[in-house]
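Structures follow.
The following pair of complexes shares a single chain, chain A, combined with chain B in the former and chain C in the latter.
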Partner chain A sequence: MTEMSKIVRTITSITFPFAMIYGLYVIAHGHLTPGGGFQGGAVVASACAMILVAFGSKWTIDKIKEKKLSAFESLGAIGFIALALLGLVFGVAFFNNFLTGSNFLFGNIPPTGSVFADINTGGVLPLMNFAVGLKVIAGLFVIVLVMAYATTSFKGVKK
Partner chain B sequence: MNMPDYTIPLVVAIPLLGAFLTPLVSRINDKLRNVFVIIVLALNALLVFLLASDILTTGIKTYVFGAKDLTYPIVRILFEVDAMSIFMAIISSILVLAAVTYSWAFMKENTGLDKYYTLILLLTAGMLGMVFTGDMFNFFVFLEITSIASCALIAFWTDVGESVEAGFKYIVISATGALFVLFAVALLYGQYNALNIAQLSSVIQYTFLDKIALVLLIVALAMKAGIVPMHMWLPDSYGSAPSTISIVLVSATLASLYGVLRVVFTLYGNALSTIANFDISVNVFIGWFIVALAVISIIVGVTMALIQSDFKRLIAYGAVAEIGYMFLGIGAGLTALGTAYGRTALNGGIFHIMNDALDVGLLFLVAGAIYYATRERSLDRLGGLARNMKYTTAFFIIGLLAVAGMPPLNGFASKILIYESTFQLNPILAIVAILCSILLLAVFVKVFHSAFMGPQLPKYKDVKEVPRSMLFVMGVIACIIVFIGLFPEFVINNVVEPAANALVGYSEYVSQVVAGGI
Partner chain C sequence: MSTRNIAAVIVFSIVTVFFIFTALLMHSFGVPDESDMDDYIIENTQEETGANNGVTAVVFDYRGFDTLGEATVLFTAVAAVIMIFRRLKND
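Up next is the complex of A and B:
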């Protein structure tokens, strides 16, 4: 994939932070609002794909290597399973939500009724959302990146 | 030995964690990664064996995810492990451990091995999850994990067009099958508002919609198990994947077979009549349907194996016939549920699951060894290998005699149970089964002759025996085959009989979860 015109690149540079922040918001508020790790991760990954389309695959792969992205993907998955296992260590069962009700991170129990949402709730759920988000961002982006890069290198072979 | 309850989720969690640690370990060192994967799977196999000894003495174990106890109505993920589940888990863990140990030398020259090992571990987690889960939707999730990981592994040799084609065929077939399963689960959920197998089983009414769900489940899972009208993906996949993957795939198809058993005997256990009753009842209807599919599988598998010239494709058709034998035993057991010979047939069918996995696995490993030594898969161009590869030859003889059901080996022990019980159901079934078994022997003797016998071919003069690690794996599997062949009673009494009991006594499975709660 070659890079596009200057207009496209400029507009992409302006909109990229907004798309990114929106995606991260969806991940961070996964336990309060619709969406979650997967959906927010897909938004962030599509923002990255936008960069890829505008600036070309050669430029992008110079900035970030696919090996690094694969490592991040593994880290996301490991984080998820490790949280589940921590439920066994600190709580009563595998996948047990051991943080809820504690005074630690995300430990509040939300009041019932029509109140403003408290982000400091949910126990391990937000953490699991972060792990899934990391995995989806890295996973989706590495797929798009490798496929885009492969098309350019095949074109080079044909010439 | 008394194992703590959390061993059950650990058996699935350890391969899953290992799968995602593998790419990271692989960045340090390749050898370290191989050791790491073998240790992870060996540890897992050890846990499965300890769990097995516990479950076979104390009975069914359940594990609730995320909470201490089950609350009603059931919304939690539940693992329920009985003797049948643990029987399948033992088979899977033995085969996967063998495949990974064998891979060390066999896959040495390939690149992308971190992905290979990651996918094998994911596949293991999927298979063990399928056999452990007590929840229909969860079953579907693990089925999908298994299919996607298998698809990528089948197409692992991407430079060969056939592998990619086989992988594509597999993903199309398994995606269709998985959607059938999902649709059936939705039908059940829509009617009974439950996904838990035990809970569904306690309330199932066998309405028209349930019949549709049953048909969809049996068809989809039999398709993934490779029963004949839906077997077209199996020879391609087994034939063009690396040998190590072929044997992992064998255990993945057996996990689908377990799905059929669980659905028919447990989920619809309520609708089955436990008194021998040969009017048109559910048992007879489904039983004869399965028997018919099984007989067709046996005949088609063996006759198609006759005309193959590719070593691994031939074994794959042999495997189709072997799956036919299992279904024959199980179908006959279902038709005559409640009679003594029906029970023998069920025992034979379940026992044959284990024997087939070991026999076909050994044959695939021998085919892999020959490919490793000669880089040749076509039987037309092989010959005289017995002179240079004497251990491999010996293992092949054991494998061929076992798969053809010759007396001192394990294949005979289970096939004789199937023959004698199906003879009482209908003599023609037993006759077809015996004839096809003889034909299978003829097929493999032909293979033996064309690959190992005859004069030494000039191009294979310098062929060497395969590395010790590969011989060791084949040797261990051959020893297990001989052991089961010599002491079939030991295995039947300790493992097979409890598994058959667990299938027939579905009410015990149900009462573990539903007991007075609803």
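Up next is the complex of A and C:
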């Protein structure tokens, strides 16, 4: 996939930060507003796929290799399972929410029925959202990147 | 009409009647018969998990194993796609 025209590249450069910030917002506020790690990760991966379509697969794979993205995806999976195992260590069971009610990170408890957003709530849920978000971003983007790069022919294109 | 067509029409009519009766017997939208689990989650999510978003609380806390399976499915899919589409040489 070669790069598109200058108009498309300019518009992509303008709209990319907004899509990126929206996806990261959905991930970071997953325990307060609709959305979460999976949904926000899909939004961020869509923004990265937009970059890939506009600038071409050769340019994109020069910026970030698929091995690095695979490492990020494995890091997200390890973080998710490690948080679940920490529930077994500090709490009572696998996937136990051991941070809720503690005076540590994300430890506040909102009153029942409250709709006001307090970012310092949720226990391990925000951390799990971050881990799953990292995993979904890297996983979906590496699928699109690898497929686009493998089906590109560089025979007529000078490198 | 052949016997085969007549049999098909009869079977189709019977199945349609059963579907219509089932649709008429369904309870109205938004009024579930059993709502014990819904009421428990709505009333206890905020004090048990501390999260305002009940869906995230169910997905990551009450049903964490389900999310672990989803993450495993995604991981397997990504591994398979990378295995198929990798370039051995930069030809």
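Simple rule for what comes next: the second predicted complex is superposed on the first by the 150 of 159 C-alpha atoms of A that agree within 3 Å, B and C clash if a C-alpha of one lies under 4 Å from a C-alpha of the other, contacts with A are read in each partner's own complex, and residues count from 1 in each chain.
To be clear about the criterion, contacts are C-beta pairs under 8 Å (C-beta built on N, C-alpha and C of every residue); 3 or more make two chains touch, one makes a residue touch a chain.
Keep in mind that this is a model prediction, so the values were computed, not measured.
Undergrad: Would you mind checking whether chain B and chain C clash or fit side by side on chain A after the superposition?
TA: Overlaying the two structures gives chain B and chain C room side by side.
Undergrad: If we overlay the two complexes on their shared chain A, which of chain B and chain C does A:L85 touch? Say first, second, both or neither.
TA: So A:L85 only meets chain B here.
Undergrad: Which holds for A:F95: it touches chain B only (first), chain C only (second), both, or neither?
TA: both
Undergrad: Could you look at A:P110 and tell me whether it touches chain B, chain C, both or neither (first, second, both, neither)?
TA: A:P110 sits against chain C, while chain B stays out of touch.
Undergrad: Contacts for A:A71 in the overlay, against chain B (first) and chain C (second): which applies, first, second, both or neither?
TA: first
Undergrad: Please name the chain, chain B or chain C, that touches the greater number of residues in chain A.
TA: Touched residues of chain A are more numerous for C.
Undergrad: May I ask you to decide whether A:Q39 touches chain B, chain C, both, or neither, giving the answer as first, second, both or neither?
TA: A:Q39 contacts neither chain B nor chain C.
Undergrad: Using centres of C-alpha atoms, tell me the angle at chain A that chain B and chain C span after the overlay, to the nearest 10°.
TA: Result: 50 degrees, to the nearest ten.
Undergrad: Across all Cα pairs of chain B and chain C, what is the smallest distance in the superposition, given in whole Å?
TA: Least C-alpha distance: 5 Å.
Undergrad: Could you give the residue numbers on chain A that contact chain B in one complex and chain C in the other?
TA: In chain A, residues 70, 77, 81, 84, 94-95, 97 are touched by chain B and also by chain C.
Undergrad: In their complex, what parts of chain A are in touch with chain B?
TA: Listed in rising order, the residues are 67, 70-71, 74-75, 77-78, 81-82, 84-85, 87-88, 92-97.
Undergrad: What residues on chain B touch chain A, complex-wise?
TA: 6, 9-10, 13, 16-17, 19-21, 23-24, 27, 63-68, 77
Undergrad: Can you list the residues on chain C that touch chain A in the complex?
TA: Against chain A, chain C makes touches at 43-44, 46-53, 55-57, 59-61, 64-65, 67-68, 70-71, 74-75, 77-78, 81-82, 85-87, 90-91.
Undergrad: Looking at the complex, which residues from chain A come into contact with chain C?
TA: Within the complex, chain A touches chain C at residues 30-34, 36, 38, 66, 70, 73, 77, 80-81, 84, 94-95, 97, 100-101, 106-115, 117-118, 121-125, 128-129, 132, 135-136, 139, 142-143, 146-147, 149-151, 154.
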